Every structure is written in C-alpha cells, then in structure tokens.
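A, B, C, D, E and F are the chain letters, set down in written order, and residue numbers restart from 1 in every chain.
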Amino acid sequence: MKPVVVRTIKRADSNAIGTLGAVGVSTAHEALGRSGLMKPYLRPVWAGAQIAGPAVTVLAQPGDNWMIHVAVEQCQKGDVLVVGCTADNTDGMFGELLATALVARGVIGLIIDAGARDVKALKEMGFPVWSRAISAKGTVKAALGAVNIPVVCAGVNVVPGDVVVADDDGVVVVPNNLAVETAAKAQKRHDDEDGKRKRLAAGELSLDMYKMREGLAKAGLMYVDKPEDV
Amino acid sequence: MKPVVVRTIKRADSNAIGTLGAVGVSTAHEALGRSGLMKPYLRPVWAGAQIAGPAVTVLAQPGDNWMIHVAVEQCQKGDVLVVGCTADNTDGMFGELLATALVARGVIGLIIDAGARDVKALKEMGFPVWSRAISAKGTVKAALGAVNIPVVCAGVNVVPGDVVVADDDGVVVVPNNLAVETAAKAQKRHDDEDGKRKRLAAGELSLDMYKMREGLAKAGLMYVDKPEDV
Amino acid sequence: MKPVVVRTIKRADSNAIGTLGAVGVSTAHEALGRSGLMKPYLRPVWAGAQIAGPAVTVLAQPGDNWMIHVAVEQCQKGDVLVVGCTADNTDGMFGELLATALVARGVIGLIIDAGARDVKALKEMGFPVWSRAISAKGTVKAALGAVNIPVVCAGVNVVPGDVVVADDDGVVVVPNNLAVETAAKAQKRHDDEDGKRKRLAAGELSLDMYKMREGLAKAGLMYVDKPEDV
Amino acid sequence: MKPVVVRTIKRADSNAIGTLGAVGVSTAHEALGRSGLMKPYLRPVWAGAQIAGPAVTVLAQPGDNWMIHVAVEQCQKGDVLVVGCTADNTDGMFGELLATALVARGVIGLIIDAGARDVKALKEMGFPVWSRAISAKGTVKAALGAVNIPVVCAGVNVVPGDVVVADDDGVVVVPNNLAVETAAKAQKRHDDEDGKRKRLAAGELSLDMYKMREGLAKAGLMYVDKPEDV
Amino acid sequence: MKPVVVRTIKRADSNAIGTLGAVGVSTAHEALGRSGLMKPYLRPVWAGAQIAGPAVTVLAQPGDNWMIHVAVEQCQKGDVLVVGCTADNTDGMFGELLATALVARGVIGLIIDAGARDVKALKEMGFPVWSRAISAKGTVKAALGAVNIPVVCAGVNVVPGDVVVADDDGVVVVPNNLAVETAAKAQKRHDDEDGKRKRLAAGELSLDMYKMREGLAKAGLMYVDKPEDV
Amino acid sequence: MKPVVVRTIKRADSNAIGTLGAVGVSTAHEALGRSGLMKPYLRPVWAGAQIAGPAVTVLAQPGDNWMIHVAVEQCQKGDVLVVGCTADNTDGMFGELLATALVARGVIGLIIDAGARDVKALKEMGFPVWSRAISAKGTVKAALGAVNIPVVCAGVNVVPGDVVVADDDGVVVVPNNLAVETAAKAQKRHDDEDGKRKRLAAGELSLDMYKMREGLAKAGLMYVDKPEDV
C-alpha cells in the first residue's frame, strides 16, 4: 500500500444511483447476481435510513483516524464515505465532529469497518452510519493509510466511484461498470415483486407460484402422513 | 436425514399455549426447570412482540430456503415456524414475500437459526421474527432438507407441535407432553411474583425475603468493615 | 479470591461525578487519556440513558446471582452496581425483581459482564442496564463470590467507589483518585468542542483546523490526480 | 428438565460401531445423509485419536461438573461420555482425575460442549477429549442436571446409546436406529473412494469422473479466454 | 457476479515468487508496506509448511464446492488455489479427493475462506491447506460461482496471478504488478534482520539500536522510580 | 493512563514462584480459590512449555509495539513479560527480534493480549509465548502506553511483580501478597491428588471418594431404571 490520496475518481451514473437507492439493498443485491454484499456484522448505528451514493474510499490503520480527516476534502455532495481498516478493530474512529464536517460537504452517509461513537448526536443530526461496533474509544492520528484506492471493507472490494447502497438490511456495493445494468434489473425485479406479493397475500402458495413441486419431487422429497412413517 | 415432509403433527394444548404466551419467556423458562431456552444469539428483528404457538419445523441447508417454501403449506392458523440449519449460516433466508405467505395462512411468527431480511417491511407488517443475523444475502433453492421432523435450532431440540414462546428476552421451547403442567406452574409463578415485587419495592431486602443470610454464612461469606480488612 | 463483603467504601467526589455524567462517556474517556473504557460488547439494554455514579462492585460465579442479592444491601442512593464474572457467561443474572430492589435503594443503573432479562419491564421502569447479552436463562444461588473488592468487568479493573459513566456509547470507569482532575479536563474539552463544531459546520476542513497538512506531508502522504498515477 | 439418572440405556449395535469407527467422521457423516455433525468449534484436545462408541449423556450446568461425577458410575467398557451444558460455558469441567476414573471403567473418550483442562496429562494418558475450549477454570459441585436423557451437544441432539464417532475432523452422532444401515453405507462409500482416489491421482479430472460438464453448462457456466472477456 | 471461468491468467514473475516464498509471510508483508495480509482466523491445517505461488481463484457459494472441481482444470504446476465464499461458512468444502486431484496437477497448496476436512490424510500427503475451520460437513454441487475473477478471501482482494505466500504466520497476497519490487525489498529486509538479531542477542537494547529514546521523550514518556511516584 | 515507566517493582517470593511453576496452572488456580485465570482465548503459540515468574507489565496501544521495546530494559532474569492492550487487537506485536532481545535479558516467557508472529522461530528458540492470535501484521511505533503499571490482560488485573504461571492449560496470575500462602496450598493440593488418582485408577467412584451421594439425594436427584420412567 502506498500512502496516497487520489484526487479524481469516476463516479457512477446518478440515475442508476437514484434507482438503486429507491429499491434498497436486498433488491439491489439480487439484481447484481447475489454478490457485493458486505458482511452482516455491519449494522446501522440508528435504524430507518436508506441511502445510495458513489464511494469515496479510505484505508485506515487500526485505532487511527488520520486518513478520515484527509478524506473529507475529497468528498462531494451525494458521496458515501467508505472506510476499510488494515486489521480488525472496533475503536470509535468516527463521531460527531467528523460527521459535522461531512455534512458540511454534502456527504450522505458513512460505512466503516470499525467502531463509531457519539451515537446520540449522530441520530439527532440524522447522519446515517453503518459500523461494526459502537465504541467510545478515541483514536490517534499517527500512521498513514490511503484515500480513493480500492479498499476491502467488511468483505467487499470497493473501488472509488462504485455505488454504495445501505439500509436496515445492510450494505451492498454495485461496481461502477455494472451500475446502469443492475439498476434496470433491480427496477424490474422491484416491479415484479408487487404482483407476487398480492398473489401470496391472497393465499397462493409459493410452491405453486414458482412451480417448485416437480423439482422437489425429482430431487427426491417424500411426503408422509405421520411422524412414525419417516 | 431423510428428505421428508410430515403432514400431520400433534399440536400442544391450546390453553397451555395461551397461558405460556401471556407469562412470557423468562417465566415459562423458570417453570420448565430452566431448560429449553434457545441460545441468546437469537434476537428479535424488531422489539416488542410476544407470541406462543405450536412449532412447525424446518431443517434447511445453509444458503438455501427451498424447504421454507415447502413448509408454508403445512402451517395452520396460530403456528410458529421454526427453522434450523445444517450448518452455521447468516444468509437472509427469509423476507417480506415469505412473511406475506405465512401471514396468509395465519402463522404468527418465525424463529430462524440463520439470517432474515426486509427488516423494514417485516416491522411494518407486524410479523415477528427472531433470527441470528440480519442479512440481505439471497439464497438458492437447490438442496433438500425436511419439514416437521425434530430439529435442533439455536441449541434446542424442537419436536413438531412443541410450544414455542418468544419475546424480547428470547425464545423458549416447552415440550408438548409438559405443556399443560408447565403452563400451570408458570401461571402460579407469575402470580407469586406480584407479591414479591411489592415487598421489594417497599424496601425489603431479597436477602431477608428469601431467607438467604443463614445459607450465606454457612457457605462462608464474611463481612468486613474496610477494604484493608480483607 | 476470598468470599467477603466490604461494608465501607470511599465514594468519589459528587461534583466530579455530576460533571462526568453530564459530558458523557466519549468525552470522559478522552479526558482520562483514553483509558478505562469497557469493551464494546457491553451494550445498553435500552437506548437513551446517560448516568454516572460511584461503583459498588460484585464478583459473581457464572450462572449464579447470589452475590447480587448480597450486594443490594451495600448500595446507597446514586450508586451504580458493577458485576464482573469469574468466567464468560451470558445467563440472565439480573431482571425485574432485582431492579425493583435496587430502585428501592436509589441505585441508578447496572453494569453486568453477563446477561440480563425482563427487557420490557426494565425499559418500562426506566432502570438502565448495560450487559453483554440478553438471556432469559435463570441462575442458581449456590456459590460465593465477593462484594466491594476490585473487580475486572468487561476488561476494566473497577475499584469500589470509582466513577462509572455510561451512555449509548458504552461505559468508562474513572479511578476515584483521578475523578476531580478528569472532570475538570472533561468539562474543558466539552466546552472547546462547541467552537470546533461550529467551524466544521461552516465548512472549515479539520485538516486546516488541526493544522495537519504539514505532518501528513512529513510522514510521506502523496497526492495524485488520477488512479493511474498511483 | 427433571434431575434424573437413567440407569439402563439401549446401546447401538457393536458391529456397526466398529465399522463407523474405522471409516471415520467424514465418511460416516456422508453416509448419514450429511446430518448429525457437531459444530466445528469442538476440537480435539490432542490430535490423532479416532474413536466410536455408544453415548452416555450428561446435561450439566455452566461452571458445575457434579453430574459428570454422577455419570461415571453409569458407564461401561467402550462407552463415550457426551456432556451438554444448559448455557454456553468454557470452564474446565473435566481433567486428569475424572479421566482416570473413566479409564478405570473402560470409557474410550469424552465429548464436552464446555472446557477441559490438564491437557498434558490427558495426552500422556492417551485419553481423547473433544471440547470447545481449554481452560484451567475449576468448577463447583452445586446444581443438578441429568444423566442419560437426550441432550443437545454442540448443535446435535444426542440420545443415550447413539453412536458417537470422533476424529481430527470433528464429531458425528449416528442415531441408534440408523446405525446398522449407516455403517453399511459408510463401508461402501469408503471402498468406492479408493477407486476414485486412484483415478484422480492419475490425473483424471473430477469434472469428467463425476460427469459434471453438462450440468454446469445447463446451469449457465461460461468459459472465456481472458479477464477482459468477462 | 457472472458465472464464468477465465482460462488465461497472467502469473507473477517466478523469481519474485521464489524470493517471497523463501523469506516468508511476515517479511513479505512488511516489504509490501504492511498490507495484503489475510485475517488471522485463517490457520494452517497442519503446521510447518511454507509456500508461495501464483493464485488461481475461486468464488464459491456457502456449502457448495462445485466451483472447486471446475477450478482444478485451470491450475498449473506451482499454482496456489484460493477460494473465497459469498457468505461466511465453515463447511468442509475441501478434502482428500480434491487434494489428490490438485497434487496431480502440481498445485502446491490451498487457501480457503471456509472449512476443510480429512485432516489426517492432508497431513500424510503433505498437501498444505490454510482454512478458517475444520469440519467434516460435506457440501452440495448445486450453485454456480466463478473461477479466475478477483475474489475477496479472508479480507484481501486476490486477483488471479497475484503471489500468495503462506506459512505458520498466515497468508499474504502480493499484487502481481508489485511482486518484483516487493521481492527485492523483502530480500533486503531479510538480510538486514540477521545483523539486528546478532546485536540484540549480544544484549544491545532495541531502544538504542533503533534510536528510540529521543522520540519517546519528545512524545512525553516519563520514567519514575517507584509505583508511588506515578 | 499516564505515559510512564516504573523502574522498580517488588517481585514475588522466588520460592513461591518455583513451587507454583512446578504444580502448573490448574492446581495454582484452585489453590488461589479459583480466581486470577486469564480468559481461555489466550493460547500457547507452541505446546509443552510450563513457566512461572514475576510480571513485568506493558500497556500497549492497538497495532503499536513501541512500549514493548521500552519494557525490555526493565526486565531481569526470570521475569515474564505481560502485555495488555487498550483495545481488542490481533496484530503481530511480537516476533523473533523482540524474543531475541528478551532472551538476552533472561526473560522466560511472554503473555500478550494481542497477536504474535514468527511462530516457527519462536518454537526453534524455545521461547514460550501465550497470545490471543497469530498474525504477521506488523505494527507501528507511534503512541505511548506505560510500563510496570497495573494492567488488565485477558480479563485479569496484573500488578507488576505478581506471579504469572503459564502452561498448556492457560495462564493464571497469583497476586504478590498471596504468593507464599497460595504456593503452600498448591503444593498440598498437588500432593493430595496423587492419592486420589490412585484410588480412582483402582476403580473407586468419585461419588464415594468425595461422599457425594447424600448431597445429591438431598438436592433431589432421582434414579430411574429406564428412559420411559423419566
């Protein structure tokens, strides 16, 4: 890793971002072929937010938030800041002051593979954060990392400019070059689900709706009448 | 494990179910002699629900929710669906569409030793889910499991028809053949606690209320006046 | 460990306690030189409380809450009960009845390196608890521990009388002999942050406010224009 | 749970036990239809042992090994002692003295969903133990559990008399009523593998040996020549 | 993710690979600027091996090893197979038969972010495996993944052809384009350490050897004579 | 925490240290009344060592081993270095070079609540290390901690000069002021165990040897003949 800040990144298509943010994480993840999902240990610090935006990335050292300060300057309106860490760490690398700075630049949320603090203030400000821990543990500003290089965050490789979608179900990353295609598929999927929901609510079985019975029989599923028959 | 669906199960006594649901998990667990409690990593997806019902069971493969679709057809009004998994897994095996299908059949809740998704929708629908994780990760429909065979879920062996009680404190399973007896004990315990609560609120020490002083002295507990005396 | 109850402890200065409770955990932790923070696996059972008080300590055995009953008698108005455990354990050692007893003595909160139960009742009573788990698992009253000896709880050595500060960010312990000095530093830090917040909200970069640019350059941080330049 | 000791259990067929012990855990687990495997957090205290025998079961309380002492008397030559626990616990419930007592009765190994200690002595005695932790933490003898009732251990429901197979790959439990059938399947599987091993060693691809190419193509797998073609 | 197999990859320079394999993981990781290290939950199945080779990559589904069978055909002499998984999973996706197939193609080791089995056989064959778990749990062959696309494995993004170095200290990945440069730095570092080791063995303090005293004093480190002086 | 190095510490009695090292961790832990045991996640990097010595303590920052370098100078022949960390961290803070430096001063082992590396070299040197992880992750030298102040390490508060006993069963800390008394109790316990071992090996039941039958009956244990009688 070279200690470097990349000033110019190619942000994903804004229409695609809008669509992906509207359908949410689960649908976007399905549309992407079930990949790009961050590990489920990342949880929202407060519930209810749903965002999408291009990633500005940070690679930080454990217990050190120097590079987050550096990254603020590289952010634009609508961006999502994504912070990976060179080792597993739960220190509170991010809190109210940094959130204030990001809001001032129009950043709409933070994804951090480490801890966050000032939970109450973040909620009052309405600034959404997805983190692996909540911890008051303060951090030093001593070791360099990098800004806007590809970063692995919670199990996903995030390239600057990729679309980050986050809501109560988690965080998914759609690669920049697949954003438009994935948004279209996601929209279609979203529209289709409405019809399915109505049929299921009316009592139709998914076994029939998805025509699963034949496949199950072929795979060898047997029905018996009583426990003793097993 | 044989890939089998058992169509007929013997559901626990409905009066006992009603009583156990009313007293809640902690009291039911005490009344059962402190057994039958699922591991505390199972948490409610949204807080505040309190349910009890007979178990319909599913054994699923990791990352595969085919058997949950199969199980829907076997559910009746008032049932609780219990999903165990053949390996530790956090994938989002259950979401809004399956919840819609279960609600259409009168199922009152889901216990799953894996992940769930569509958190916001589940909460809006008022369908309670206890899971080990929240994850948008979709699943395949490829490998068989079983429905309505005994299943280990979060550390407890659940036999179809057993009473499942769940609230913000967790999930406890009362075996079918002990349901009536346990419900009676739980009701008595619940009634007794009221009196104790009042005495404690009035300042009586539990040391005196439970007559613990003699036992403590016999076990060797010493009182000293200052830290230096230890 | 000797099975002992120490009756008299030296509680920290009440003004210092008041100040530390007002500024909260993150600021108190910074003022103490970034030490004394309990591990982040301790979480509030319900969100929103912010407390500070002198510690009454308990050392308990896993799955056994006998010593908590013993400790109630040693508590005074304003105290915080801190329970460490001789082995990792998630059993529900604490619930509504013990909370009722503590409230009757004026105790303002509980920190427990084990499980708690009766979540709904604790929230309704407004009694704040920080625990490592929620579990309905009841406990026996069989093995001795100690009350008011130094106890390691969630990674911090707590001496009876130390100041315990707890809020949504976690729990920090300020040693009795540093309480006054730390409270003063914390108040100053708290006052300073207001000015910083305003400057950041107005768009000033922390890079400039903290004069970090020179240090970063000296450490070797490089800026490049495009990804290809790395 | 009732505090009870069941004196007579029905042990599985000894020929089946012999076969299952000879083929080992992975093959036995496959022959059982990929079920019955304990969670992989159970690890051998020392490597290299491979055993099989009928289960004598214990349900113990966390931090309390009273019931293991009770269980010794119920063991016969060739048995495997299986200890489940009512809550997650890593205390060293088992060590050299209990191992000496078990060896005196002809017991061939221990499976414990808690901790073990006296590692060096266990290895020198050649007594194999699979546990979830190694811990010198001693335990009390204060609370009752049960002996020879069905017990969930590391995620598997073990009925007294079931076959327990354990080696460096882990621990699998074959239900008594399936033991003979499973042993036969396991033996066949074991014999078949020899031929496959030779073909693979000679360079044949499993893609061809298992005739997977058509299935893969049907499922949609594409081959491209260079990364740019993806 | 597209279900694709890439047939041609660009393997890293073989001299660089040789050097990196000889110096081992810790030195290679330092030479790379302390990045590229897989998470420490990956452990060798048997101790003592030290390897380096170009990565052939697999993205597998949890509980499904179909794509590993597919990948064998893409391997060449000297390669290291790297398997990432779309969700956290400990199933035994890899064992003796697949190892036999890989050995037949000259593959020198396996890195898998899931489980492995047949521990004893792997050790006897001398085929080294680094995995996150040992588990006898067999897997299905049902869902597609991909071969030779970039894959995140244990927290590191691995591009096919990158150098994988593995020993008892863990696994580090050196990007293909940095392999030659990193190997040179690693060799230099390795040579330098010899001199340091001798000076330290002779009793020289690292405080003096690295000239740390001034920096420590400047940072504010104080020396006192007795505990009371703190 | 003040950034301080305490030069003079009071080491525990050397005879007591000798006795405690000879009986090992499990017996020392029992003799201390079952307290002082570090959490079982601390494991020996290589098996078979058994040591005891007075503690020299280090409080380090996550990912930073500066203070270990500082501590070397404070060590004497026979000491054990104990490293606590201000936050959970698995970085490889300790390796061959530091081990060489410690050996040169006569230090006999290291206990570290973080990671270690150079596993192979440590084993070849015969320098025993107990750590929470093995990781090649290098560390910076940037932030101050302290040397020879009381430090919480793996759940135990270690005061400089306390006796650290470590073997394959784990690590226990005997407070300096209890060392002589504990060593005497441990020796007696060790001698007593020999007789017990012989009686158990001869087939006597611990139920009888410890006279447990009456207590069990009083507590309510029931014996039944067959499973159906439960």
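What we mean here is this: a contact is a pair of C-beta atoms (placed from the backbone, for glycine too) under 8 Å apart; a residue touches a chain by one contact, two chains touch by 3 or more.
Bear in mind that the values here come from a model prediction, so they are computed numbers and not experimental data.
Asks: Could you name all chains that are in contact with chain C and with chain E at the same time?
Replies: Per touch definition, common to chain C and chain E: A, B, D, F.
Asks: Moving step by step between touching chains, how few steps can get you from chain A to chain D?
Replies: 2
Asks: Does the chain B and chain D pair touch with the same residues on each side or with different residues, judged by whether over half of the numbers are shared?
Replies: Same; most numbers are used by both chain B and chain D.
Asks: Centroid from C-alpha atoms only, then distance chain A to chain B, rounded to Å. What do you get?
Replies: Centre-to-centre distance between chain A and chain B: 30 Å.
Asks: Roughly how far is chain B from chain E, going centre to centre by Cα mean, in whole Å?
Replies: 41
Asks: Residues of chain E that contact two or more other chains, please.
Replies: Expected reply: 2, 34, 37, 86, 88, 90, 135, 137, 143.
Asks: Check the chains against each other and report every pair that touches.
Replies: Applying the touch rule to all chain pairs gives A-B, A-C, A-E, A-F, B-C, B-D, B-E, C-D, C-F, D-E, D-F, E-F.
Asks: In the complex of these two chains, what residues of chain F are touching chain D?
Replies: So the residues of chain F touching chain D come out as 25-26, 29-30, 34, 37, 40, 43, 47-48, 167-170, 172, 193, 196-197, 200-203, 205-207, 210, 212, 215-216, 219-227, 229-230.
Asks: How about chain B: which of its residues touch chain A in the complex?
Replies: Touching chain A: residues 2-9, 66, 69-70, 72-73, 90, 92, 95-98, 100-101, 103-105, 115, 117-120, 133-138, 141, 143-144, 148-149, 160 of chain B.
Asks: Considering only the defined contacts, which chain C positions touch chain F in the complex?
Replies: Listed in rising order, the residues of chain C that touch chain F are 1-2, 32-37, 39, 59, 86, 88, 150, 152, 155-157.
Asks: What residues on chain D touch chain C, complex-wise?
Replies: 61-64, 86-91, 135, 137, 140, 142-143
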